[in-house]
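By letter and in written order, the chains are A, B, C and D; residue numbering begins at 1 in each of them.
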Amino acid sequence: MARRGDPACYSFRVNLEGILPPIPTPFSGDAIDHRGLAANVGRWMRTRLAGLVVLGSNGEAPLLDDRESDAAIETVRAHMPSGRTLIGGVGRESTAATIAAAKRAAGIGVDAVLVRTPSFYKNVMTSDAFVRHYTAVADASPAPVLLYNVSLFTGVNLLPDAVERLATHPNIIGIKESNADLVQLAETIARTPDHFVVLGGSAPTFYHALCAGADGGVLAIAGVIPDMCVELYDLVRRQQHGEALALQKRITPLGRLLGAVHGVAGLKYALDQTGYVGGSTRAPLGTVPPDAQRQIREQLTALGTLATR
Amino acid sequence: MARRGDPACYSFRVNLEGILPPIPTPFSGDAIDHRGLAANVGRWMRTRLAGLVVLGSNGEAPLLDDRESDAAIETVRAHMPSGRTLIGGVGRESTAATIAAAKRAAGIGVDAVLVRTPSFYKNVMTSDAFVRHYTAVADASPAPVLLYNVSLFTGVNLLPDAVERLATHPNIIGIKESNADLVQLAETIARTPDHFVVLGGSAPTFYHALCAGADGGVLAIAGVIPDMCVELYDLVRRQQHGEALALQKRITPLGRLLGAVHGVAGLKYALDQTGYVGGSTRAPLGTVPPDAQRQIREQLTALGTLATR
Amino acid sequence: MARRGDPACYSFRVNLEGILPPIPTPFSGDAIDHRGLAANVGRWMRTRLAGLVVLGSNGEAPLLDDRESDAAIETVRAHMPSGRTLIGGVGRESTAATIAAAKRAAGIGVDAVLVRTPSFYKNVMTSDAFVRHYTAVADASPAPVLLYNVSLFTGVNLLPDAVERLATHPNIIGIKESNADLVQLAETIARTPDHFVVLGGSAPTFYHALCAGADGGVLAIAGVIPDMCVELYDLVRRQQHGEALALQKRITPLGRLLGAVHGVAGLKYALDQTGYVGGSTRAPLGTVPPDAQRQIREQLTALGTLATR
Amino acid sequence: MARRGDPACYSFRVNLEGILPPIPTPFSGDAIDHRGLAANVGRWMRTRLAGLVVLGSNGEAPLLDDRESDAAIETVRAHMPSGRTLIGGVGRESTAATIAAAKRAAGIGVDAVLVRTPSFYKNVMTSDAFVRHYTAVADASPAPVLLYNVSLFTGVNLLPDAVERLATHPNIIGIKESNADLVQLAETIARTPDHFVVLGGSAPTFYHALCAGADGGVLAIAGVIPDMCVELYDLVRRQQHGEALALQKRITPLGRLLGAVHGVAGLKYALDQTGYVGGSTRAPLGTVPPDAQRQIREQLTALGTLATR
């Protein structure tokens, strides 16, 4: 927390402290539901969220084509005031395709691009390979780059030694670390300069990530319970650890249900229950089984956020 | 081997017994080198290979866009006689994009489409999800479908229970099983009908896969040493196990170097050394370090296939 | 922290809050060096440690026979005042042998017995099997039982659902959780009553474990830097999180070197450098390579604890 | 198969080709049932088994104390004719305790000792550590040493580079490789001399292990269906691969049930059903649930070996 120092630093132009939910992409049949997306953005803008992440893993980015991806970013940008931060996911398997997507996203007006690790050729995705990839992307991207490590989905791991080397690049401003490994998170923080932003991406360990020095969070549940997530962030900033831990315990079960357990389908179901537009996922993603729906509703009820119907 | 029975079966129209290399995609700068690709195909057609697989993992398929993918298939098809089998990789993360790619590939004239498991949302890629995905693809694809399991790259595993269910679909003719797990391979063979084709994709265990009942192989090294791979296949068919095992031992080191150890870059380097067009990979894939180059050349020399220069 | 409530609770008779190092067993040739062990205990008793753990993993317990084990406990007990807590490791693969060892240890005067999960027959070590094992041990042990989960060494994992069930047993007073998985730790704490003691056993995540509600720590480095570990514990108790995190960062590198990286041999080397009796390990454990010795000395110097020589 | 060459070699004095079951240790209450053990041995001696392995993983060796272990070996030796091979398990965590057990077993008259990898301190169990351990044991053991790799239980892996180095020791005659990884097995065979014996220990891949050059098998199911396992071995020796593969398929389900799925308890249950003395396991091992009992009986019925009752 509050690890920044040098106001001349490029990353200072992007406000990444606080809570930014990775928002889902609603569909209407086979197409993106731009009206629903805009409605959600409008509603989130009435909360205390620092900004939004569009086209992260929860945005079903790997299931969209380039044209759809660009259109989704445009819709979100159009409905956000300039004071809030918009991060756009642009990761692709090929370095060249990632650069092309980063340029298009910057043209649309994202404040930073989120670039997940390429991961198909796992056996050769060494730290050297990641450094080459991210350096090429950061050299070419008009918008600052946020690294993105999410081993649950990629099956590869962006290790602290690679992050340490990449943190020296003037156009790489931070990392979204979605792994729940606190030891690795702490090492990443220790080996990067204070102005390098580290955002936690795992809801069940968010309090612990903040304790370890994370600057904010990109949490799926923040789309459903935005102000509760901001409150947790503020409690740690104000050093109210007892209250913070108690709040973490309250939101952990929902974080788990919408994260590793049921994923995007669970998140969309929860949004539907709380007045947002969630809707269906794109195949091969499926639906949430009835039993899980019940569990999610129970947690929403416990948190007092179930929409009146 | 020779497990087929019913000549009326759809899969009989596609000859999948024997050896089919998954061919790399040569590049000239940023673009596909279609001339080099055609030259390679022409040379492979003068060997005893049963056919070719274009746009598998070794074809850098995840690094190509749709237009490039279609063009690569067209070039290969144009240089193959109709008697040889052409399999085209069309796997995408989304079911809809996979179907679209399968339709385009069928229009170009592939004999079958190879569909790797979607894998990004690993936590929800259950057997049920795979069955839904492949059923939708097989329902819509004009060309017969070959399943493709390659956990080294995908981080997910298409288990025998899912394959057993999918093998009943009239448009799913077989599986390319690239995992080296012989227990799983044997179980997959035991739980699928005789006409369901099982192709081994792991060079270091190819002899063992044939012993276990595999019908043929999709082996990266078959692009480099095609006739040696066909010879291994024939030895097992003729029950000459001593000679087969001896040949397997000779090719295993190269199989390992071009497989899990150095991947596509290693394969392209080996092709360059043997008179084919290999060339560079597309980033984030890199090059083969000098020490590995030496190891590959040693193996090629030991196998008597190093091109005279 | 401070989660206890009911003074009538059995666990209140054992003071487990604070820092207790798992002490190594020094050898003189093939035999235990009881004189060196006693000297170490005497020195630790002049620090602010809450007590000691003898015959944990760092005590090379799996390499000692029963006679040696009992003798080691006797020596330590004889040199500790009654106000400090002595925990004795008694885990064996068989339930019956564990019970026998617990009875002998209780006879010698340990305050509690530490029982690691049996782990050889991993495929059948389900939560049910663990509950049966620990219940039988707790029923028979005259001394209260502390569960012990250390997957790095055992390859099995004592999950929160098993711990929750075991926490209802009146003779099971807590758990030493040595895994670095904060999510699991938090879940274990959430699912057990306040009087159930949870001790963190991973030095690099100790601060985070305390944040998550752990009651104390069983840390290998506490044998080398006892007062620094007690200070970290006190800082969190006093809610001085900034100072606590800073101290955690200072000790993390040493914690890693003496933990997962070099293990017992590293710990013994560090003790030798700081005025304690460390010495050699018992085979198959080996020695610390010169390069690692240098790293350990660097960390000890940085922490100001290298003995003057 | 038939890879040996030099009749002067020490290992020639031990016949390790063929099938040797790892026999369970029957209990009567808390004590070993020596009468039942002797009865089983007598019955196995009327089959075509090459010999027996006492105190392997299936013998519950980690649950016995030294006195019980020695007594079990004595009973088995007393009921075996000298023409059959007796291998005795003597692995312990400490090198010294392993040596002591090897000396006692040699004194009782085992033909070779089976030494599983020490495994508690997994993080430092490198190939170098294994080479040191096994070299010390082989230097001191009066009986020849058989290495034993079983990652399912130990969580560590004895890699081909360590085996290659150990195979040069004159008192190390071979390895029992219980992992199902055929690639590693083939590499181990390729990197060791012909007289170094490689025994497969995984029933579901036994045919494949023989194809890969294994010299025989230490299979739990061979205690239940000894002659069927010998028949499979002979079929491969006679190059009747079709029949061998068919037989492998028939026994694979039982092999799986008595191996990774239900372990020792499953094996003992199956012995009880086929006229041997099986009985209960020692805690923390448990019993086989009714559903699994039914599955095991089904497989025994299918194999025609269910005892008439």
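Criterion: a residue touches a chain if its C-beta (ideal position, glycine included) is under 8 Å from a C-beta of that chain, and two chains touch if they have at least 3 such contacts.
Note that the structure is a prediction, hence the values are computed from the model and not measured.
Undergrad: Suppose chain centres are the mean of their C-alpha atoms. Which chain sits farthest from subunit C?
TA: In terms of C-alpha centroids, the chain at the greatest distance from subunit C is B.
Undergrad: Centre to centre, by mean C-alpha position, how many angstrom separate subunit C and subunit D?
TA: Inter-chain centre distance comes to 36 Å.
Undergrad: Quick one: subunit B and subunit C, Cα centre-to-centre, how many Å?
TA: 52
Undergrad: If every chain is a node and every touching pair an edge, decide which shape results: line, ring, star, complete or other.
TA: Graph shape here is a ring: one loop, exactly two partners per chain.
Undergrad: With touch defined as at the top, which chains are paired up in contact here?
TA: A-B, A-C, B-D, C-D
Undergrad: Considering only the defined contacts, which subunit D positions touch subunit C in the complex?
TA: 30, 57, 62-65, 93-97, 118-125, 128-130, 132-133, 136, 152-155, 260-265, 282-286
Undergrad: Touching residues of subunit C toward subunit A in the complex: what are they?
TA: Where subunit C meets subunit A, its residues are 180-183, 186-187, 190, 202, 204-205, 207-208, 211-213, 239, 241-242, 245, 248-249, 252.
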